[in-house]
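Pasting the structures in now, so scroll down.
Shared between the two complexes below is subunit A, which has subunit B as its partner in the first and subunit C in the second.
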Partner chain A sequence: MRKLISSITVFLLGGILLTTFFTMPEGAKELSDYYISSGVVDTGAINLITAILFDYRGFDTLGEATVIFAAACTLAFLVPKQKVHMLSARFSVIVQQSISFILPFLFVIGMYLIFYGHLSPGGGFTGGVVLASIVILTTITFGISYSDRQVRPRVKSLLESFGAIGFVIFGLFGIFAGGAFLANGQAGFDLGIPGELTSSGLIPYINFMTGLKVAAGLSIMFTSLIKEE
Partner chain B sequence: MGIILHVLLVFSVLIAIFAVSTKNLLNSVIAMSVFSASFVIIFIVLQAPDVALVEAVVATGITTGFFVITLNKLEGVK
Partner chain C sequence: MNSIYAVVGILICIGFYTILTKTNLIKMVIGINIIESAVILLLVALSYKPGGSAPILDKGYELVVDPIPQALALTAIVIGASTTAMMLALIIKIFSKHHTLDVREIRNLRG
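Now for the complex of A and B:
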């Protein structure tokens, strides 16, 4: 009986969503047309998604970064960390050697995604998650005590706070230059030539701060969750 | 192009049904990982490389890691 009711609910919900999808109106296309036609001129970033994330909608990105910051802070505050207990899994030499072979390449990929966020697909969030996966792989393979010795928890919390404060300070630059909060091209910053590494004003720096924040925040979350009383 | 998209959509529905209906939690987690992997290809076919990157890194990597760690912690619980 319960299965029948739940399956009817699921089918009803799916039908509603499907009809909504197929009868969806085209919506306001002026805004997306504006982004596509004059996004590069306004922001200097070739990758329009980064232009929207870190310039037009920079305040929303600050909110998303705050969510990760709050989650990491709450986990680090709530989870006890007196006694460290690691998983019972033991890996062979092959796994350890191949993981330690992969790690530098992962670091390069993460840094590439962060620094080329305004030129190619990627950005601060993706690169930060790749950087956090380095700490996670080290923790799973070599144990929590080794990982904590390599990247100290104090360093991680310092990096996270640095990223959060740096994001806000780069946003305040816009106010000091006479524009709005997180303003970039509107505040008169030099946008450079679109397509170069140091182009598009403040976007690469904000990208870097977001990447540091996300990497440190996710690794703090993981190392807090893996510890046990 | 269209054939790949439709095959992957049907495959992801089948994988999702398997992930819900299987009794073993680890199988379910791995099935969700495969589901995300098929969505990565769907996003690339739909020309959204940014979303595909995020999906590949977050859903296939980090989320599976968190779930496996949680299952490892819950070993004694049935």
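Now for the complex of A and C:
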């Protein structure tokens, strides 16, 4: 009975969705045409997605970073703080050696993704996830106590707060320079030559702060989730 | 091109069916994640142009895809990861209190 009602509801929903998708009018493209034609001149970043995320819609990205911050805080509150038992499995030497071989390369990839976020695919969020995977791999392979000794929880929460406050401070630079909050090109910062590493004003610095914040936030989330009573 | 919309619709239906019929909390979270992936697929499909390349305006580009839905997809991924972590943390709390993941039993225990 329950499955019958659910099936009917889902079929109705699917019909509505498919009719909506197939009769959908072509959306207005003025905004994206504007971004494509003058995004590089406005922001100095040749990666348009980074330009949208950290310049045009920078305030939105600040809210997005706040969501990660709130999720990490709530997880640290909700789940117990006792020691972990579920990761007591011991891995063989091969796993431990190969993981410890991989970790420096993962760090390089994460930093590359963060610092070249305005030039190539990547950015603060992607690079932050790669950096967080270092902590996650260390925790899975060597256990939580070793991982906590290498990267202390206090350091993680400090990095996360540093990233959040740095983002806001770089946003305030725009106000001090005479523009709006998180303004970049409009406030008169030097945009440089598009395509070079030190171009596009404040975007690389905001990217770096976001990367730190995402890396610390995701590792806090993981280490909170695996703890149990 | 239109087949992608059909895939999105089918995925959203599968996710809703999972949420409505399954009684295990973790399976419900999986259903919510299926819907979320379908929405991201819809965003990527909306930004598609035939023959377009990635929106990185290096030298020698001709036609690039719409960058706005891709930026929104990034936002959706980040929010999705946060909400999934939140849901799993609440499930951990529920399990440690009721010692079951079955929705019906949890509802009965409440009285």
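Definition applied: the second predicted complex is superposed on the first by the 223 of 229 C-alpha atoms of A that agree within 3 Å, B and C clash if a C-alpha of one lies under 4 Å from a C-alpha of the other, contacts with A are read in each partner's own complex, and residues count from 1 in each chain.
Heads up, the rule we're going with is that a residue touches a chain if its C-beta (ideal position, glycine included) is under 8 Å from a C-beta of that chain, and two chains touch if they have at least 3 such contacts.
These numbers were taken from a predicted model, which means no experiment stands behind them.
If you put the two complexes together on subunit A, you find that subunit B and subunit C both fit without a clash. When the two complexes are overlaid on their common chain A, residue A:Gly14 makes contact with subunit C while staying clear of subunit B.
By the document's definition of touching, of the two partners only subunit C reaches A:Ile46; subunit B does not.
In the overlay built on the shared chain, the residue A:Phe125 is in contact with subunit B and with subunit C. The three-chain arrangement built by superposing both structures on chain A places subunit B and subunit C 30° apart around the Cα centre of subunit A, to the nearest 10. Legend: residue contacts after superposition of the two complexes on their common chain; A:Ser133 is shown touching subunit B, with no touch to subunit C. Touched residues of subunit A were counted for both subunit B and subunit C, and C has more of them. Once the two complexes are laid over each other on the shared chain, residue contacts for A:Arg152 go to neither subunit B nor subunit C.
Looking at the shared chain after the overlay, A:Leu225 reaches both subunit B and subunit C.
In the overlay built on the shared chain, the residue A:Leu113 is in contact with subunit B alone; subunit C does not reach it. Closest CA pair between subunit B and subunit C after superposition: 5 Å apart. Shared interface residues of subunit A, touching subunit B in one complex and subunit C in the other, are 47, 49, 121, 123, 125, 218, 225, 228.
If you check the complex, the residues on subunit C that touch subunit A are 2, 5-6, 8-10, 12-13, 16-17, 20-21, 46, 54-58, 64, 66-68, 70-71, 74-75, 77-79, 81-83, 85-86, 88-90, 92-93, 96. The residues of subunit A lying in touch with subunit B in their complex are 47, 49, 87-89, 113, 121-123, 125-126, 129-130, 132-133, 136, 140, 218, 222, 225-226, 228. Subunit B makes touch with subunit A in their complex at residues 49-50, 52-54, 57-58, 61-62, 65-66, 69-70, 72-73.
Against subunit C, in their complex, subunit A makes its touches with residues 2-3, 6-7, 9-11, 13-14, 17-18, 21-22, 27, 29, 31-32, 35-36, 39-40, 46-49, 51-53, 57, 60-61, 64, 67-68, 70-71, 74-75, 78-80, 119-121, 123, 125, 194-195, 214, 218, 221, 224-225, 228-229.
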